[in-house]
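Each structure below appears as structure tokens.
In what follows, subunit A forms one complex with subunit B and a second complex with subunit C.
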Partner chain A sequence: MLQEESDLSLIIAQIVQKLKGSNLYAQLERQAWASLQRPEIKLESLKEDIKEFFKISGWEKKLQNAVYSELSVFPLPSHPAAPPEHLKEPLVYMRKAQGSWEKRILKSLNSMCTELSIPLARKRPVGEQKELLNKWNEMGTDEPDLSLFRPVYAPKDFLEVLINLRNPNYENGDSLSFRTHLGLIQVPLKVKDIPELKEFFVELGLTTGQLGIDDSTQVPPELFENEHVRIGQKVLAEQDSAAAQQYIRQGSPTALRAELWALILNISSQPEDILYYEQLKTNVIQHDLLVDSLIYKDVKLTASNDDYYFVFEDYLYQVLLCFSRDTSVLGHFAYNSASPPKSYIRGKLGLEEYAVFYPPNVAPLCFLYHEPSKLYQIFREMYVRFFFRLHSISSHPSGIVSLCLLFETLLQTYLPQLFYHLREIGAQPLRISFKWMVRAFSGYLATDQLLLLWDRILGYNSLEILAVLAAAVFAFRAVNLMEVTSLAAAEAVLADLSTLKVMPLLQIFLFATVT
Partner chain B sequence: MAGKVKWVTDIEKSVLINNFEKRGWVQVTENEDWNFYWMSVQTIRNVFSVETGYRLSDDQIVNHFPNHYELTRKDLMVKNIKRYRKELEKEGSPLAEKDENGKYLYLDFVPVTYMLPADYNLFVEEFRKSPSSTWIMKPCGKAQGKGIFLINKLSQIKKWSRDSKTSSFVTQSTKEAYVISLYINNPLLIGGRKFDLRLYVLVSTYRPLRCYMYKLGFCRFCTVKYTPSTSELDNMFVHLTNVAIQKHGEDYNHIHGGKWTVSNLRLYLESTRGKEVTGKLFDEIHWIIVQSLKAVAPVMNNDKHCFECYGYDIIIDDKLKPWLIEVNASPSLTSSTANDRILKYNLINDTLNIAVPNGEIPDCKWNKSPPKEVLGNYEILYDEELAQGDGADRELRNRQGQALGPKGGRSRDSGRTVLTTWK
Partner chain C sequence: MSRVSVPCHVKGTVALQVGDVRTSQGRPGVLVIDVTFPSVAPFELQEIMFKNYYTAFLSIRVRQHTSTHTPAKWVTCLRDYCLMPDPHSEEGAQEYVSLFKHQMLCDMARVLELRLILRQPSPLWLSFTVEELQIYQQGPKSPSMTFPKWLSHPVPCEQPAPLIEGLPDPSRVSSEVQQMWALTEMIRASHTSTRIGRFDVDGCYDLNLLSYT
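Now for the complex of A and B:
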């Protein structure tokens, strides 16, 4: 159809435009020039021969991966006359909400600055720079006085904002019907129901082998695991992003995970990347931001006390401090409803936006990558592709608003008794599960389980699985939850998730529950 | 058998007492008729000593072997292992094979060690070969990291040479004897920190050797970043992983206590280094534990009233080679964190299930072969009887060049590790 074709050519044009500015383009150009020396390249059939050469040498694959990567993050085609804000976030009331949330954060930061008479940003004196450089690998052992710093906001505050979101064009009507949504989120976004989820997550079905289930010690490895590992190695050998993404839906073997994730996120460690990281590091050394202290405090409170992640405390500081100064992250704002505060445009300051993320998202990655610049790249890519959606208000199906709504809808529709009971005792389920979803379960699940879950996030290019898992956890503990009589007791039942096995829970909830 | 098990202990630890009480056992004093005595190492000395000792009857069990110190004293452990290796070499056993530098291929798992003052001259010779090396001095009879220090100059241990020269007829009392070992200054670091492994091994009998490994071992991390720099040799927080020491560091954290589970370690290593090398590492760890037990088995008093739960300390270097540092007869039952308490409670629980079958009054004549179901978190590390039964069927394969590494010490996930025996 004509519309689709012109959409497609528009997309192609835009991707080409984007890739032309990338490193890959320069490399391909160099390769093409170099290939002219080769005997098989003939002048008459120059174009065909070079294409053939690219195919054989693996450069075509790299290009394919880059295109695939762009497609994953590409916003849906839209009306040509739509203004840029529309591309970021089509719903006006969402944009407004995000805007006022950002203003609130900024205001809070500014007032903290005035209160403590600390500038938002300042250049470090040389002595201090040297000191920080020496301490770079051990920032965890330094204990500056952080008692005066308050976290800018807690997940609870963010949840309150989400709860108060309303679509001004939507009239609910005064009468309650059994269709009324009784959860906390009151915006009419479209979320998938279980039949749709079953289709979306078809590879998680009961008849398909999974890592996290079919690799347990009782199952002989010949049945699934060995073959799966073999296929994984083949995918890596082919260096095919799309295949890797499909493959990882069934989970990644531990030994292959680091490479598979890098392949799917299309990250290769070029010298330029290492240089970039070093530049960011220099930036940290030279300038001190208020956010740094907030990051420091947050890591100290969370990761350092965690059974698994305390070992990597120092890596976390390095990655997060650099991240707060990374301008290339700006690129993702094209498809994020958030916009950087105006102070960024003045040039020097970091993105206040990043005062509000949750460090534990980095920590599980430390289990896979121990080289700082690679760790940094992976983290950055995961953030700009997925995790930022957990911290900003948007209508995207993977945005936190949709996830909350999906969770509540699943619970209300498929576990109505539990849902009503919890509501009655003043324990709205979302109040408990919000903190899990906003951190992508990091810090709540055992590390190996968390990595299996994140495998699927990458595989399906969506965060919806977080909401499904949250609902599955409630379903699993339903019997105990039915007996509690207070919010505190409900919290206690759900306090410890560290023994849960993620994949069986998901499978049972999606495919084995009688609906 | 009717009647409740009567127990005594001289170690007042809740993880022990709770376990006895939950079995409905009855507490008695040591002067009464007891069936089960969980004793400290001092007490075991008395029970089996020539002067004050007494005979144990068939329905009495204790938790130490009479001469456990053959394994648990640092100097005796090294002596026994050296002797074991020489014996194998004399027999021409392939286990004792050496490489072109004269290092044992399969039995080099203890860092080069000398007794002081006895081997002082031998030590000096070795020291001079690599003068930039660091050595660690450990008192033979102490624990918890007490009295340990590092040296990198001969002058720092002049004391032991002077004494041995001037007072050759005065024997040092065993309490002042030291061992000096080559310090492993390239430990595997995670997050830039040094750590060691604590593994629990239960031995129910030495001849035939039957031992079990507790699946839930843990890693103990230093709170401070590791540096081999000589200026930090005195900083015990960098070098010694004992919790007793780290506890006093500024950054010690009481929530996780600086510990990781072994399965965490496994996950990390598989993710960052690959499955094969990680599997090989763990195989090697099992191997060295079994070899150390085999080394002392001939000299151990295999008293049928005894079982013992050892705490093995192992360090992994950055080439993923495990080193046996020492074996503890009385691993700490103090819990530093909540998780710790749970772990130790379960450890004692599973130990008692194996050592005192069915929780009934013991009979020393039983064959010490518990059914698989009672193992709990233990898995069979080595069962000599079983291995010998299969040994006839197995070929003595030439292991050189086999990816499996040392002698087929294979631990499958289903939890049975059985090594072939060459005898």
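Now for the complex of A and C:
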């Protein structure tokens, strides 16, 4: 009991300290001062009256949302003796692996710098700044020579690092035992099995209405859809983050999605936020980073060639270039096992922003948000809450290592014949599904299906659904896969996911498969 | 509550195993660590802190000082405390743990010696132990201060000087000044961890190489 109380007060103190510097705090203060003019606020019961006023005017709700958001994002305070790196990642060998992976990336970046004799960062001359400002909204039309730039790493390289991850204290002997991992991942992290997943994803069950299933044309809208939309509008009117997160587990109506996501991620369009975005934009114009060229090349190769996303090319540049300069993102390194690369500036040590992050998952967001500053905020928030875990080595249940292990375990346990067959022909399933999971399926699914999937990521505050979906896709195409005889053929069977409907697949795999 | 670290001597771990250690195939699943306090008198234990390394269950036995001439007996004060919910997986394997006096089964008033019994039933791990073991006892209570005489025995009030025309009431001014001072103290005391922003120090954005450290 004593322990729980002291834990609770520690959490409260931490959240209060974090919120004190935020915009919301200043606004609440201003509101409190302004409310003193009101007749119902009396001097004798000042504290109670102001609290009452906050409740009525909706400010208490905003504070609730802010606290809820902090609780979801930050890990619980750990033991006082634990050093900060322990908070990032408790397992020593994973920290080491992440460190050496980062060194490899830095080496690659440095060598690219010296080979091409391009500085990592430089201040742009004034003429160039003016030019960029003029072209800000149409950077896609630019065609600079990017042939010399190589991508820093591909998902395959990252997968190789994960495959070679070993715990030095673990029995990795050759003899087969009851815990031999037949898949590629060899670290014994705790992953959920299907009964636990059924409990975790209980709102995806067969008896609960879902958007993505119960809104199809054959189902009359009175059964589920109309009511669901009505509830969604009510949730938005109440402006309650926690309720929105619960609601979105059953999917979000298209018309309400943009606002719901903003509510869950606790993003409001204050003038300060727009100003912050403009400030970042100025930074982009004034300074040129090497990373910019890499981003440019990456976008040109991926999104510009995609049938759905090419229209957003200009938006993508605007968001990503600003993101690579945003120092507030550095805050998430407290709980990310990665560390930002540092560099020496004329003998003084400075921090460069997190220079490399693999593929931008920005494109689908462009469907929802049209205003660059709001789009930017949503992307940034989704990155620091979820997507960074897909690019760093950690033991977190939503980290990419756990997702890979969850995928392999699910497949091995519930489709053993398929798993064995694929292994025999040299087509380890993870080699095919890794690229789906590391990009959160963006670029592989149809956009509306992808957004339904990301609804659930927000609703459950976890990326585990990506692994479950990957296993469900394999289960769906199991008959075809049993007949292939090579890795290339297996990849061909699973090459096109654009016709898949995400929610029925998940439901069948979790709730309707006979085990 | 304040606490003071007690210097302890941690003896080497002893593996308990049935049969001959050299010839048997399996690894020991039980280890015993003895902790003695050679230079300290019997003390009241407040907290035990350590870093786990793949130990699944922990039991602690304590030997206390008894005033009579009976030899001190070993008493179990913690039984099968779970450090790893699933002994086969990594959860809890390298966590920092604190155990407090109130979690113990018996009184920890006059501790002479401690014995930690570590268990790891899973055959998957090559070794297991606890590291960075630290024992704490109750710190001294805050020292009582002796107040100077004039604070504890204030002189009786003198007759206030007559108010000079045109000047504000001194007691009101003093209370307002006091409130303002309290506000400044509050502002000074509240600090936040939010970053202020970025400032472009001259030339700091001309970077050429990233460092590896």
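Methods note: the second predicted complex is superposed on the first by the 492 of 515 C-alpha atoms of A that agree within 3 Å, B and C clash if a C-alpha of one lies under 4 Å from a C-alpha of the other, contacts with A are read in each partner's own complex, and residues count from 1 in each chain.
Methods note: contacts are C-beta pairs under 8 Å (C-beta built on N, C-alpha and C of every residue); 3 or more make two chains touch, one makes a residue touch a chain.
Quantities reported herein were computed from a predicted structural model and do not represent experimental measurements.
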Given the touch rule stated above, what does A:37 touch, subunit B (first), subunit C (second), both, or neither?
neither
If we overlay the two complexes on their shared chain A, which of subunit B and subunit C does A:167 touch? Say first, second, both or neither.
second
Taking the superposition on A as described, I'd like to know which of subunit B and subunit C A:134 touches: first, second, both or neither.
neither
First, second, both or neither for A:207, with subunit B first and subunit C second:
neither
I want to verify the contact counts: of subunit B and subunit C, which reaches more residues of subunit A?
C
With both complexes superposed on chain A, which partner does A:499 reach: first (subunit B), second (subunit C), both or neither?
neither
With both complexes overlaid on chain A, does A:448 touch subunit B (first), subunit C (second), both or neither?
first
The shared contact residues of subunit A with subunit B and subunit C are none
Listed in rising order, subunit B residues that touch subunit A in their complex are 190-193, 221, 223-225, 250-251, 253, 255-256, 258, 260, 263-264, 267-268, 270-272, 274-275, 278, 339, 413-415
Subunit B contact footprint on subunit A (complex, rising order)
137-138, 140-141, 217-218, 253-255, 257-258, 304-308, 310-315, 366-370, 447-448, 451
Can you tell me which positions in subunit A touch subunit C when the two form their complex?
2-3, 17-18, 20-22, 78-79, 81-82, 86, 90-92, 103, 106-107, 109-110, 113-114, 119-123, 167-171, 177, 179, 187-190, 287, 327-328, 330-331, 341-346, 348-350, 352, 355, 395
Per the touch rule above, subunit C residues touching subunit A in the complex are 49, 51, 53-54, 85-86, 88-91, 93-98, 100, 102, 123-128, 132, 190-195, 198, 203-213
